[in-house]
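Common to both upcoming complexes is chain A, partnered first by chain B, then by chain C.
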Partner chain A sequence: MNVASELTKEPALSFARVMSSAPLIIFVVLLIYLAIAAPNLLEPSTISLILKQSVPTVIVCLGLATVVVAGGDDVVSGGIDLSIPATAVLCAGVIADQLTNHGSSLFFALALAIAAALAMGIVNALLVVFIGMTPLLATLASSVAAVGITKVITSSRRINIDHPFIIYIRDGDIGGVPSAVLVAAVFVLIFCIAVHRTRWGMQLQAVGGSREAAEVSGIKASRLVAQSFMLAAIAGALASVFVLARGSGSTPGSEENLLLEMVLATFLGAAFSPRRIVTVWGAVLGAVLVSVLSVGFKSIGVDVFWTGCIKGSLILIVVASAAYTGKAQS
Partner chain B sequence: MSESAPSTTFSGFGPKAIFVRYGFLIIIAAFFVFFSLYTDSFLNANNLLNIVEGSAILLILALGMTLIVAMGGIDLSIGIAMDFGAAFAIVAMKEYQIAWYVAVFIGIAGGSIVGLLNAFLVVKLKVSPFMATLGTFFIGSSVQRIFTNGGGPISYRRVAQEYRDLAVGDIAGIPTEVVIAFVVLVIYFLLLERSIFGKRMHAIGMQQSAASIAGIKVRNYLFFGFVFASATCAIGGLIGSANLRMFTPLAGYSYLLDAIAAVFIGASIHPRGRPNVPGTLIGVLFLGIVANGLNLMGLNFNTKDALSGIILVGALALAVMQKRLR
Partner chain C sequence: MEIRQLSVFKRRFAQWSLVCGLSAAVLLSGTAQAADLSLKGKKIGVAVVGTQHFWDREAFNGALDMVKELGGEPVPVDGGRDNQVHADNHDILLSNKVDAVISILGDGAVEPKFEALKGAGIPVFTVDHLSPHGVNNTTSDNYYMGTTIGRYMADAIGGKGKVAVFNAFEGALRICGIRTGLWKYVMQDYPGIEIIQPELAEEFANAPEDARKKTLDLLNQYPEGTLDAIHVGCWDQPAIGIVQALEEAGRTDVKVTALDGGPDTLEIMAEEGSPFVANVAQQPRLIGQTAAMNAARHFAGESLLPQTFVDVRPVNGPEEAKAVYEELGYGTL
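And then the complex of A and B:
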């Protein structure tokens, strides 16, 4: 299969170059257009709003990027975790229910949410590593179960939250920078260093690159993959706090949009990396850009129903150009 | 591959051998017995017919999914194809007073648009089926929201009785939707399991590059598969819209995971672990039995959702485990 494409490599190269940067070009054009159409987009207050809005997506992207790094970026047979948004919404439901309906302490509510997330992580890791289910199927199924459990906990109702901690995450700032953004930045740094700068992270990348090769060189691949799912679930729990802050409470069904943004941002991020692979930095950058587009389109008055269409098309452009580049290079 | 090795190691009658061969069927039987004992009305001819009737739409969608999975892909947009089928047919009849039998074809054509987009993305642009159909799913959902101004249903109360009969009528005492689902089942069985065409589709699913070298026109088959599957799903949408006499936006989404689950349960029952038509039927009936039984137990709506989600995870885990032990 490589031989055939090797022959067609030369003439397609220049066009392939253009194709490979197509998502970047489209994004830059969209950004310039939005900046002209909505001049206030570049004001500090808008930028701070955009960053704040992007925090839940950024955090779930950290989890997805970790799983994809460990599992390889083939969407069907490689690593993917579609259950992170469902985990986030489950944890948000748990926290909201505990704080508002049961009057529990914040510490207890957070501990319970982390326990719920760990349970999700264990289920995913068991399904994928122990039973050998494809991550796609496993996490799709576990996300349905998580959504069902969320419904039981919240009785499918919206739960408002007025706990000072959540309000602080929503409104507070440190030296003019929103506290949510600062907290998120710390998590981003932790994930980045863990995945890209540590021995553990190198092993994780080795497993994602070639599982057989990693195992031959003595890396315990199954354990690392299981750990990546646990980390993804924890990212879901962390995101839940910001989901609660952004919505001032838990809302049933908010996982769907988060899922869309997570997948878009993570795979868009791959288009920014020099080797076109999923990285933590790329995913974070992708999440912020998606948020810029969301806020930008809203501020120039694009109907909110159109945003799914625009984002869906962007996903397709990104993956189509990636697929095209891959075809030309391999 | 381990798939080709004959299962001589499990030829005994030990518990492991029985589990590997009949594990899932035993679970289905267990659920059946449990619901029969726990509720009075489960084991009742009328209720059993209800299960079959309630499974008709899911079966049609799951068959479309079987075709795609057999070719090694996945289709996350089957719900969109179903919605488009319903929308095109209802709008054609309501806004343009088109005869119902023409509207049926318009609906199927409308669903096929989704398949055409998928096929274009997968075959022409080489996007992986997962990402392609995910994109189609988001775009299709968004289009429905735009078209209905946020997701309000389009109802058409004065729909032709013949169209309504697609869902509520019966042919020789058998509900029409069951007859339709049965016809689709037979077509898929002949196509996928009893023809050269189906053999080639399975070959593509097992190893695309080998199939290509063996002279199978993989691209044509993939193209046909995506369009045919979405046209099939549109039929499910027609039945759904005929039943309610309206088009409900985004209604198809709820069938997606059940359809995937049914296909994978079916594959686990197959001796070589391949997705197959009879297996999908068993998977669909299992999901139908669970849904019906939980309903009859009189559980709270939310509890039912959570339980069926958990049963789904368990069933899939068991199905995959059974397949791996083989």
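And then the complex of A and C:
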């Protein structure tokens, strides 16, 4: 009986190995193809453009990766926060409205945006930790609410912004490196250290690995999960500055593309980890690669709808791979 | 007497010959000039905000086809009806080192991109987006569109009544500022017309369905006899959803007016008893083609005016909708 089960287990594991590497293999093939078809992709100016365009996605990915680390990799019952892009767009709306329509100071506008983001984080934490809703549904609902609030604040209209700080984030550079990329790199470093190098981060990973085991060893799992949602909301607030800079203002509907890229990048990032788990640095790398794909496909003239179709298929492969790997491991 | 008549005839014949000859010469020189235009060896980026809607698609295809016809190599990029993606696409054209960019629509997010292109020595030819960084903007006569639709709408409701307006883009896009601003200017002369406040704002990406829902809410708020017209300030995709909502609610007494006049909305206007009563039809394909020709003129050393206006066709009622539909080559209704 044991021998039989071992025999059936072996092929399943090797198939799981192939499945877990599938996203990586597909991406490598796509990247090689793009590098050949669009030679300018590897030029310094294009690399700078790719990094610059990836910044909003990188920042929201920091939040999502933190929530997934705390809640576990299971894409249905594990940790996920779909509301981060909506939080980013909500905060962008708040900042744009305050700066342009009310003449508020930058400090006040940013403080109000952070307050709005924290409110979103508290709502998500309450829904998931205290009410016990599935994070997928809870954050989907809060995302819809955030989009609604944004429409109320902005009257569903675009708000232009010309504040020097936002313009500096958009156009400034230090030693030839775009300022947005440098600021984002600092945030990446902070999140990486917090989640992967501190005691708090280790506890977060322990909760995500096995909540029961973590609780038995005295870790307050609920508190950590709640904190992960708060951090994700703050990531949304940070991303809002880059969203505003990228668009020179707030535009209704910007959250849709950001959501697609965030999910793709974060779960793609798991493919780079030896244990195939979501990590902060993996998500960041994933976000940059998604940006490479976007710029690369456009450079070779692929129709935008095909790009959407390809990205959608990649999300499916990446998420299916994560789900199957999780199933095989369990 | 006969001799005198003959000499008058000869003189008139000579005059007509001269007029005809001159006209032919002007026409021929015009044709020769158009034939001389060339984009040979030029890589022309063509950026459009989206291709889901007839107008955008037609302007885009018109520009692409004309670039090819003039011997250029088009580099197309499509924003997928997302203004942010559309703006970012200009960065990709910049890194692709195109010789010129034709940019169709877009909001304020494209301005810094135009500035960067201009800074890199790449001329930008805009469509429906007046920019200080562009060489030339090809557009419809938005001034005429705004005032004409104002007059038509006022006439349709007898010069008085309550009007709701979908007006999401008056502050974001200059062309919409002109169209809606001049519509409001005309409304000033009709003190009996009240514009319902707050104004409605339609979504950019999913306009028909969004406008349908908002119209159903509006109809609940304004029961029968308290709402006379719904106007869409800058385009007519929301009008598709508005008409749908009016039909669902049995409120086709409320008149609908809008701007753009593509085949989809002209078909709705041509239906019997349609509440969609007035429009101003544009020629998006010709607009796109003209923008590409303007790029070629620029490379030929011609000095271009800041704006090139392309003719529009006012559409008042179902019969005119049918006539314009045929005239613009969409077929027969």
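By our rule, the second predicted complex is superposed on the first by the 302 of 330 C-alpha atoms of A that agree within 3 Å, B and C clash if a C-alpha of one lies under 4 Å from a C-alpha of the other, contacts with A are read in each partner's own complex, and residues count from 1 in each chain.
As a convention for this text, a residue touches a chain if its C-beta (ideal position, glycine included) is under 8 Å from a C-beta of that chain, and two chains touch if they have at least 3 such contacts.
Here the structure is a predicted model, which means the values were calculated and not measured.
Engineer: Which partner reaches more residues of chain A, chain B or chain C?
Structural biologist: Between chain B and chain C, B touches the greater number of residues in chain A.
Engineer: Looking at A:49 after the superposition, I want to know if it touches chain B, chain C, both of them or none. Which is it: first, second, both, neither?
Structural biologist: Once the two structures are laid over each other on A, A:49 reaches chain C alone.
Engineer: Using the touch definition from the top, say if A:123 reaches chain B (first), chain C (second), both or neither.
Structural biologist: Touch status of A:123: first partner only.
Engineer: Once the shared chain is lined up, is A:155 touching chain B (first), chain C (second), both, or neither of them?
Structural biologist: Touch partners of A:155: chain B and chain C.
Engineer: Using the touch definition from the top, say if A:145 reaches chain B (first), chain C (second), both or neither.
Structural biologist: In the superposition, A:145 contacts chain B only.
Engineer: So in the superposed three-chain picture, is A:299 touching just chain B, just chain C, both, or none of them (first/second/both/neither)?
Structural biologist: After superposition on chain A, A:299 lies in contact with chain C alone.
Engineer: So, A:250: does it touch chain B (first), chain C (second), both, or neither?
Structural biologist: Neither partner.
Engineer: With the two complexes superposed on chain A, say which partner A:170 touches: chain B (first), chain C (second), both, or neither.
Structural biologist: second
Engineer: Pick one for A:227: touches chain B only (first), chain C only (second), both, or neither.
Structural biologist: Neither partner.
Engineer: Applying the touch criterion given at the start, work out whether A:98 contacts chain B, chain C, both or neither, answering first, second, both or neither.
Structural biologist: neither
Engineer: Jot down the residues of chain A that show up as touching in both complexes, chain B in one and chain C in the other.
Structural biologist: In chain A, positions 151, 155-156, 303, 305, 308 sit in both the chain B and chain C interfaces.
Engineer: Which residues of chain C touch chain A in their complex?
Structural biologist: Of all residues in chain C, those touching chain A are 51, 75-80, 82-85, 87-89, 91-92, 94-97, 107-109, 111-112, 168-169, 171-172, 198, 201-205.
Engineer: What residues on chain A touch chain B, complex-wise?
Structural biologist: Listed in rising order, the residues of chain A that touch chain B are 1, 74-76, 123, 126-127, 131-133, 136-138, 140-142, 144-149, 151-152, 155-156, 260, 263, 267, 303, 305-313, 315-316, 319-320, 323-324, 326-327.
Engineer: In the complex of these two chains, what residues of chain A are touching chain C?
Structural biologist: Residue list for chain A touching chain C: 40, 43, 45-46, 49, 52-53, 151, 155-158, 160, 170-171, 246-249, 251-254, 256-257, 295, 298-299, 301, 303-305, 308.
Engineer: For a test of understanding, state which residues of chain B touch chain A in their complex under the given definition.
Structural biologist: Spelled out, the residues of chain B in touch with chain A are 74, 121, 125-132, 134-139, 141-143, 145-146, 149-150, 209, 257, 260-261, 264, 301-303, 305-310, 312-313, 316-317, 320-321, 324.
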